[in-house]
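So, here come the structures, one by one.
In what comes next, chain A is part of two complexes: it sits with chain B in the first one and with chain C in the second one.
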Partner chain A sequence: MTRSRRATILSYAILILAGFLSLFPILWIMGISLKTQADAFAMPPKLIFVPIWDHYAKVWGDAAFIKGFFNSVFAALLGNLMAFVIGIPAAFALNQCRVPARGAILAWLLLSYMLPEFLFVIPMYGLFQATGLYDSVFGLALVYQTFTLPFTIWMMRAFFADVPFALYEAARLEGAKSWQILLRVYLPMAAPGIAATAILNTIRIWNELAIALGLTFDKAQTVTLAVAAYRGYASIDWGALSAAAITSILPMLIFAVLAQRQIVGGLSLGAVK
Partner chain B sequence: MFRYLTLPMLRPVIVTVVVFRLIDTLKVFDLVFGLTGGGPLRATEAVQTLTYQTAFKFSNFGEAAAIVVIFSALIFAICAAYGALDRRTGGAE
Partner chain C sequence: MAAVEFQNVGISFGNVPVVKDLSLTVNDGEFVVLVGPSGCGKSTILRSIAGLAGISSGDMRIGGKRMNDADPAARDIAMVFQSYALFPNMTVAGNLGFGLKIRGEGKAEIDRKVAEVAAVVGLSDHLHKRPGALSGGQRQRVALARAILRRPGVFLFDEPLSNLDAEFRTAMRAEIVRFHRTQGASMVYVTHDQTEAMTMGDRIAVLAPLAAGHKANLMQYGTPDEVYHRPSNLFVARFIGTPRMNVVTLPVEGGAVHFGNQQIDLPPSAARLTRIILGQRPEHLRLSPQESENGLTGAVEHVENLGHEMILTLSTAIGPMVLREARTGSAPSLGQSVQLSLDPNQVHLFDPASEERIGCFQLAADSRQGYR
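Presenting the complex of A and B:
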């Protein structure tokens, strides 16, 4: 009895320590974003201070930051839309139809998910300049397919595999066509899976830096670039930088809290499958 | 029990996680770019920041493409080794 209780206390202590270690930088940034520049770098650090909201007012009034924020929102929406329009039928076909070299296709998809971003950025840079897709949210979303689409196919395949095959057979016997089975049977059954996949895709796109850095200049800047822009050449606007960083965390934080159950389910499925 | 039962049974999962994290870490870009930009004097350069510098700072796209293709071949090799190992031990995938 005492042994298990000791183990409980120990595991809680480790969890609290790990949680504190990973949360500390965020708390610290939050602190900087609410202090004046002088207070932010006072030694020893000022733990008790009157919060000022000037930095947030500045960031939320900054047209470049707002534009970056919404560019990221649109890129995430477009990226998800394209990934699902192609990914759901692809996953269904890979599960249900007789596909030659299925294993090889799946391995290639997984590999393309693993490849470095610049493998796509370097050739696309020239191509986008020539086609006018450079510095556009649509072009950015197109390149984001290189990781959202394979991920979507793998995830949806795992979720489709959980749908009982008897339902497929029953629908077939009733005379349903393949796309009807997909739309009427598989999609409703896999709805939580779609939610989880969309959330994970969105987080990936939201945090993406390398591709946005290479393929946008000004008009299509994403939120990560907008945050980095506060790090100027001559000086770093720490207050605004921190406020922008916190602002860019918020949507994903709310998203993650609301959808925690789906994310955990999706992660474990993606991990072991 | 943990050492002789749980840990060996978790082996395929642990191998998968380690390989995924290894590749993710090799590909690191945003952290290095944001913190040091590869400096001072390339002391903290990672492959992808080197690619970025070569292509966008020194406008040497040919060399950057060569770097990233070689790097991709390395990642491909890691994946292939993982696949072979996974098949031999009858792993999770």
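Presenting the complex of A and C:
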């Protein structure tokens, strides 16, 4: 067997293994969501079974779960809006203007992005209680800026850096102010990057658990908490839990599949000049 | 009133001086070319006129008004960038109307002006297209049209032809010159290509990089004829002209130098030197008949046959020489021994210490010294 053929077989073997390891948990949970309790925990595992929809009916009829689902939708929308309203002008200024301590600002943003989310819950808890932001979607979206804002700024900086500086200068010579250049030239050109950033922000917000756990009670609970709610004190409703989990990941799965071109394109936009 | 005037202008980036002590005037309606190698500051000077590069010292005036700190949009200039800087997200009409829209003009007025200028540059059928769908020449016309719409006092060009292929460059060069004649506007044009400089400018400013040890950037400022036939220093002599001027350093003996056995008597100001730099352009060197006693012996090292002319590289006792001659008959063969002689009317002399021009020397028929 030639070396290149061996390399090809090895590459495919690794890819198949990686694919299996990634997909197996999801497929297993999907299986539990469609099986009866007995079938779900049968030994050996039942690969051929009669699917039931009872668990999905229970979840989709659960007002608390539906509320959590839409809380996550609003948190994602609001979180993205805040990140872009602040992050886009910030990224533009960091790129175009002589900002003092620019390096320090960027390093601080990166540090903020790298820190575990739960670190922010404790200091925010008291403040949120005092200001009435506790257990609110707005408050959640605000705290999510600890990771969405640095990410947005870093991503948008890279996309703005790809715009030839001569365009900025040409627009200045035409009399355009900085905000006009940002709105009329840079944003339209960075549209794929904005889409990619929004998609990745949404996925991160959607899957977030720690901050929601610490800073919500019942009104603003997110879909991740709604899924966890099926884990009772004495027992776990595995069927409903699995159905809730599958329901919660479906939007992001569809989103990612449909937008994968934008994600890959957006991520690679800043890479090559 | 001068269109653009520099008075002892210096430009630095941090602690690094890029332009030093520049004094230069662009007269109203004049086409001035800034030419020089990379790093000579030509683009920086152009950008300082536009307000895109700050001036550290001295004064820069446009239309008689000091403009050192003026906003770029308030300087009565328009610029055509090397990359044309067309907004890819807008159509040609959008690109042309961008400035008018920013300045608050009405839609009807914008459409009228855009249509008018598009007709002038021959782009009426392309207004709906985006820059990506245009050829290089069409994009340049859009950039030009956008500049025309500003009705500026001074047009600035930053190497606009460098992205075009050779054939197209020649056509666009002529178009820009024609544009200057019809518009009558003042133009400052930056290029590293001396052919563009020589063929387009009313006057040429030859610039040198400070990093190479020059005390100032401006080496010479004159008409194409002046910089070509009377280079004021060795840098200009070597930069302008293709192939480069042949330059040799020769010892001065008895108030004269010898090019092989051809004697050149020096003027009194040069006769006191112990060494002198002598230059002659390749097209002025002559291949003498073999039996001639006058001149320098050389061996042919390389022959470039261009059809209508040939360029010979010769090795001689005083260094390599390049000769350019109209093609008549067969070219000399490699290794062939030839006799070189100077055209007595086209000898350039430079001081070896300052590299400044001493004079273009004329040999009289009886070898008496003549100086002009």
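Basically, the second predicted complex is superposed on the first by the 262 of 273 C-alpha atoms of A that agree within 3 Å, B and C clash if a C-alpha of one lies under 4 Å from a C-alpha of the other, contacts with A are read in each partner's own complex, and residues count from 1 in each chain.
Following the convention adopted for this analysis, a residue touches a chain if its C-beta (ideal position, glycine included) is under 8 Å from a C-beta of that chain, and two chains touch if they have at least 3 such contacts.
Please read all numbers here as calculations on a predicted model, not as lab measurements.
Asks: Taking chain A as the common reference, can chain B and chain C both be placed on it without clashing, or not? Answer clash or fit.
Replies: Aligned on chain A, chain B and chain C fit with no clash.
Asks: Under the stated touch criterion, name the partner, chain B or chain C, that contacts more residues in chain A.
Replies: The partner making contact with more of chain A's residues is B.
Asks: So after the superposition, what angle do chain B and chain C open up at chain A's Cα centre, nearest 10 degrees?
Replies: That angle rounds to 90 degrees.
Asks: Under the stated touch criterion, which partner chain does A:Gly232 make contact with: chain B (first), chain C (second), both, or neither?
Replies: Neither partner.
Asks: Could you say whether A:Leu173 touches chain B, chain C, both of them, or neither, answering first, second, both or neither?
Replies: second
Asks: Tell me which partner A:Gly103 touches in the superposition: chain B (first), chain C (second), both or neither.
Replies: After superposition on chain A, A:Gly103 lies in contact with neither partner.
Asks: Determine, under the contact definition given at the top, whether A:Gly61 touches first (chain B), second (chain C), both, or neither.
Replies: A:Gly61 sits against neither chain B nor chain C.
Asks: State whether A:Met189 touches chain B only (first), chain C only (second), both chains, or neither.
Replies: A:Met189: touches chain C, not chain B.
Asks: In Å, how small is the closest CA gap from chain B to chain C once the two complexes are overlaid?
Replies: Superposed on chain A, the two chains' closest C-alpha atoms are separated by 23 Å.
Asks: Can you list the residues of chain A that touch chain B in one structure and chain C in the other?
Replies: Looking at chain A, the two contact sets are disjoint.
Asks: Spell out the residues on chain A that touch chain B in their complex, using ranges where they run on.
Replies: 107, 110-111, 114-119, 121-123, 125-126, 207, 209-210, 213-214, 224, 228, 231, 271-273
Asks: For the complex, give me every residue of chain C touching chain A.
Replies: 50-52, 72-73, 77-79, 81-83, 85, 87-89, 98-99, 102-103, 146, 150
Asks: For chain A, which residues count as touching chain C in their complex?
Replies: Within the complex, chain A touches chain C at residues 164, 166-167, 169-176, 180, 184-185, 188-189.
Asks: Can you name the residues of chain B that touch chain A in the complex?
Replies: 13, 16-17, 23, 27, 29-30, 33-34, 47-48, 51-52, 55-56, 61, 64-65, 68-69, 71-72, 75-76, 79, 83, 92-93
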